[in-house]
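Here the structure comes first, spelled out in structure tokens, and everything after it is commentary.
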Amino acid sequence: MSPELFNEFGIAFLETAWMLAISVTFSVLIGVPLGIGLFVTSEGMFWQSQVLQNISGTIINIIRSIPFVILLVVLLPLTKLIVGTSMGPTAASLSLTVAGIPFYARLVENSLREIDKGVIEAAESCGASPWLIIRKVLLPESKSGLIGGLTVTVISLLSYSAMAGMVGGGGIGDLAIRFGYYRYQNEVMAITVVFLIFLVQLIQFLGDRAANAADKR
Amino acid sequence: MSPELFNEFGIAFLETAWMLAISVTFSVLIGVPLGIGLFVTSEGMFWQSQVLQNISGTIINIIRSIPFVILLVVLLPLTKLIVGTSMGPTAASLSLTVAGIPFYARLVENSLREIDKGVIEAAESCGASPWLIIRKVLLPESKSGLIGGLTVTVISLLSYSAMAGMVGGGGIGDLAIRFGYYRYQNEVMAITVVFLIFLVQLIQFLGDRAANAADKR
Amino acid sequence: MIELVNVTKTYENVTAVDNVNLTIPKGEIFGIIGYSGAGKSTLLRCINLLEKPTEGQVLINHTDLTALSKLEVRKERLKIGMIFQHFHLISSAKVYDNIAFSMLAAGKTKDEIKERVPELLEMVGLSDRADHFPAQLSGGQKQRVGIARALANDPTVLLCDEATSALDPNTTASILKLLKEINERLGITIVLITHEMEVVQQICHRVAVMEDGKVIEVNEAYELFADPQTPLAKQFVQTVHSLTLPDRLLAARTGSIVQITFRGHSAEDSIISETINRFKVIVNILHGQINYIQDRPLGILIVEIKGDAPEIKRAIEYIINRTNHLEVIANVS
Amino acid sequence: MIELVNVTKTYENVTAVDNVNLTIPKGEIFGIIGYSGAGKSTLLRCINLLEKPTEGQVLINHTDLTALSKLEVRKERLKIGMIFQHFHLISSAKVYDNIAFSMLAAGKTKDEIKERVPELLEMVGLSDRADHFPAQLSGGQKQRVGIARALANDPTVLLCDEATSALDPNTTASILKLLKEINERLGITIVLITHEMEVVQQICHRVAVMEDGKVIEVNEAYELFADPQTPLAKQFVQTVHSLTLPDRLLAARTGSIVQITFRGHSAEDSIISETINRFKVIVNILHGQINYIQDRPLGILIVEIKGDAPEIKRAIEYIINRTNHLEVIANVS
Amino acid sequence: ACTSSEASGDKKELKIGATSGPYADQLRESIIPLLEKDGYTVKLVEFNDYIQPNRALDEGSIDANVFQTSVYLEAFNKEHNTNLAIGDAVPTAPIGLYSEKHKDVSDVKEGMKLILSNDPVSMARALQMLDRFGWITLAGEIDQSRASENDIVENKYNLEIIAMDGAQLPRSLGDTDFAFINGNFALASGLNLEDAVLLEDTPPEFMNNIAFREDDLEESFAEAILNAYHSEAFLQYTNEQNAGFTKPDYQK
């Protein structure tokens, strides 16, 4: 690997890391509450609400059904408003975040669904407030699942971030497309793909370990 | 909507339908056995094999970690070999299939995991052969989950198929990208996006209904 | 005091609880029995409004829970502990924190919790397990944690849904002992569902028998065993009093075989002894069971009375006179 | 016949079953009791190799299952039915197909299945439920389907893991009756785990008591109740024979209070009657329980003997002579 | 190179590839109707990519394509060992330097932001223009098919150069000082070619072309397609729909 390529690679890695850091952070910060919201408003739960369920379900489905490229375009005005610019890794991160939130929210919801209903009921029978139940039952009991879902989300966002090159976001996936594909530098393609695979396996490995450690059952 | 656009739209719809038909069919034909394989070779199951687990797990993770755009490119030689051409909807379907198989296989595996272990054990205690257990216990008991997973797979493949435009695959997602992104025709983009959303909701609705109908618990 | 007034709970097409009226006074241990699906769990869950009744009122100490806001219901629940068949502990929290949770729910301070939890652990005999996770406990130990949790906020009512069904006889016995102690020492009202008649026998003061969502019989535990009113209750009681004699035995006997039921005083008097002294008969006890239900004896004996026919007849008349309950099973002579 | 030779099952760090040796003859109903986690289920599952023993052999009718190939084990399993606590029916298959599944496993033809399944349904009293899904059945009905499935291939051995623990007393009684019938009519060997001592009492011929993976006692069911050898067995038996008298009663008595155990013949003789006739004493039966275990009576009576001290003494001596088991609880006079 | 399936001269069913934008529009709106009048049935295949159309042409999946410069085609032939050949040039949208903030090339200042397309050919064209402005220095003759920021040896104003998808450029115009925008995207986004700070004076090697498999150059369908481009009707279309495009020699 030539020194320039090495350099290029380093920058791309930092760009990817930056995009993931932002989008994963916000996917968690917004996706977890959203996922909890979806769960606690579902049938039989303490804030049961068919209306909220339908609305949020529809919004999530809508976001998930729009191709990422289109999402990128549709979100440009918003990106401009929030990030101040419509290009670069930070701008790309906004679209990644918007794609990541409903994705993770659904996974959070699914993890929460796997909590033994009886445990939640027992907490309710104690007279615990919804907030206490969320903090002391829902989150701890689903920790392992939440981490597992996070792993999946990070990997998916990594995959989406390959398209960030469209708005000048750069990153590893973009490197593979620009040099490996457009400029026929097969070794770049090979290196990036191997690197991506390695990265994914690493994320998966760390995620699995953390999830296991969190599981007290 | 102008008549040409209407026409264009019709063609795009057929292309999407064709790509989905092929990729979903093969994702099911290969993903279901693969998912069953993953499950029955897992710990405590009748064909337990750590080696097979590791190999297939790694392959699946590798495919899932390569961004779809890159997968599309990497698979071109294979596409040429199998489909005879590297362009058009049929060629795109191959990449979609390759992406769809491990995706659905994992979902199949997860559904099978949700079957009460006791039921499988009861079947084993009857002296049933693995094949009989697969046919009469695993598949029927997970039917609802398999259908649910299929819904997710179809929607994901629909979303992926938007990128088929890269290899001249066409389809609705590509139409949205071509008109909305490349040609700045926002109204066409809006129509296609609305159509996509509608399609996704429809798939989800039908999937949910079928899954419920299959659930005898 | 718990009062259920016309409580009905309907799911789409099933009436799980059908117009139930019950009054359970303070300090009572009240049992609920019935077939699977009879509506026992649903009824119990209506008491703390885990299940909101479709119709009717649930009054606890004269407060109508069904008329309260969600927040107020939560406050009332602090006074109602609940114990579950499958424990339902928070698997990610240690024993200590499982109990502390319940106190957090009541808004207790850290200090109060620090003081109370060890007391509770002591009471259920788990002081040395405070730092264990539920997965590291045996079934009986988990259930004790469940009890400690339910008692943490000094409730006045304790609801138990088949709290001992999954436990071995020893553990069951120790948990029943604990419940009885709590009831006697703290005067807590206990409502419990069980399918084990020995549990009813050992600790219940009164019992409701449910069928198809309705309470078809409410009886003193003693009376339920001594004189069940409904066919269902009879069937359930019979599984405990299954006094069937082996054919071999019946065939070999030469006297009259009678079943005598001794209730209350009659059980404490020496009727058999007196019969033997008064009449020229030999009395041989073939089968029998004496149970103390709420410290009152209920005895059923199957005896063979041998002797001359007239003597036997007089003996039988005497026994009937003293017990009011005698049934001739076989009259050989 | 089932023989377990040095059977040990170890998980990473737990020895669930520890060097167990057992021989269960054909046609026996064999019970296994013990605390939760004692290794009962693991041992049972070793019998049909659902759990492969880490060491030791499992012989069924002299065939060593542990030495067989997977395929041969499957064939052997056709002769070993298993019934589960939680039924484990295929929820997506109708009752008919759940039973048919087991016959498909044995490679039976459609015609054979068509003939046999209705017979089995008849036997377990579910002929009218063939077309129902498991979710539409009650617990007892589900368990009957489980039994029919386990019997479909005419097994010689039936394994039951807490098959009645989740059921109400009536359903439990009906299922025990069914098991007993099957055992008597078809000579099937039954191995059953239970935590309900009444189950042991009602149908087991012999019983193994497990603790920490070891079988610490194997006893005839009758002997287990009459004369348990280990402290654990004693504890378990006591939960059935808990003949504790209310303090009130003890306080009010004036004579000697003794506990008499009648075993076998002594239980069938009229010892009390004869004592009353021979000595100048009044005998008042305060508490007692006579159980027929395997058609043999085991009686425990607590009686008060009133009269002159020497007479009482002689009476007691006489009873000891006849029964060998008398314990003085309180000697008032 | 691959065989073309129907070698006979009377091939009447054609597939022509193009990238989405004005070249596809030229085909759809003018050329194809002309060909259909000649008795051809033509299917237009749109690509979102610059490699697939050539691959498809080479393997015979399409019969012609319109999207590339001669420089690109030669590089592609060398890279992929293909025999693709140019039929003729087509009216080409010139690449241009656009800005919302600046009016002239001389407005360049230290540290300004500049965006350009990430496809190699467009980038090469942009870099060469920058070199001509004297904003940067390139490392001698650059490879038209592989040019990238890495070919810059000196960046005199320390410009921040960001590469992105060509279609994205007009959308990011407001966030940058200068943008090199391909004519097709500029037009599509509503920019006027005249509004450019500077339009490329498209040299012949940067004209877009219609390409065939070399063996097919003499085929009658190739001739028919070229005739359509050369026609009066197409000239009229060009004048009406493609104002500002650089015209090929035959239209001058």
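Letters A, B, C, D and E mark the chains in the order given here, with residues in each chain numbered from 1 onward.
In this text, a residue touches a chain if its C-beta (ideal position, glycine included) is under 8 Å from a C-beta of that chain, and two chains touch if they have at least 3 such contacts.
The chain lineup, named per UniProt: A, B = Methionine import system permease protein MetP; C, D = Methionine import ATP-binding protein MetN.
Being a predicted model, the structure only gives us computed values, none of them experimental.
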**Request:** Enumerate, in label order, the chains that touch subunit B and subunit C alike.
**Result:** A, D
**Asked** Among all the other chains, which ones are in touch with both subunit A and subunit C?
**Response** none
**Item:** Smallest count of steps, each to a touching chain, taking subunit C to subunit E
**Value:** 2
**Asked** Which integer distance in Å separates the CA centroid of subunit C from that of subunit D?
**Response** 24
**Prompt:** How many angstrom between the C-alpha centroids of subunit D and subunit B?
**Reply:** 52
**Message:** Based only on mean CA positions, could you tell me how far subunit A sits from subunit D in angstrom?
**Reply:** 56
**Asked** How big is the gap, in whole Å, between where the Cα atoms of subunit D centre and where those of subunit E centre?
**Response** 88
**Residues of subunit D touching at least two other chains** = none
**Asked** Can you list the residues of subunit E that touch 2 or more other chains?
**Response** 167
**Item:** Touching two or more other chains - residues of subunit B
**Value:** 177, 181
**Complete:** Every chain pair meeting the touch definition is listed as A-B, A-C, A-E, B-D, B-E, C-D
**Item:** Complex contacts: residues of subunit E adjacent to subunit B
**Value:** 17, 20-21, 45-49, 52-53, 55-56, 59, 61-62, 167, 170, 185, 188-190
**Item:** subunit C to subunit D touching residues, read off their complex
**Value:** 33-37, 138-140, 165-173, 195-198, 235-236, 239-240, 242, 244-246, 248-249, 268-270, 272-274, 276-277, 282-290, 292, 295, 297, 299, 301, 304, 306
**Message:** Quick check on the complex: what are the subunit E residues that touch subunit A?
**Reply:** 50-51, 79, 115, 118-120, 145-146, 148, 150, 162-165, 167-168, 171-172, 174-176
**Message:** Looking at the complex, which residues from subunit D come into contact with subunit B?
**Reply:** 48, 50, 74-78, 80-82, 84, 86, 88-93, 101-102, 104-106, 133-135, 146, 149, 153, 159
**Parts of subunit A lying in touch with subunit E, wherever the complex brings them together** = 4, 8, 73, 76, 80, 85-88, 165-168, 178-179, 181-185
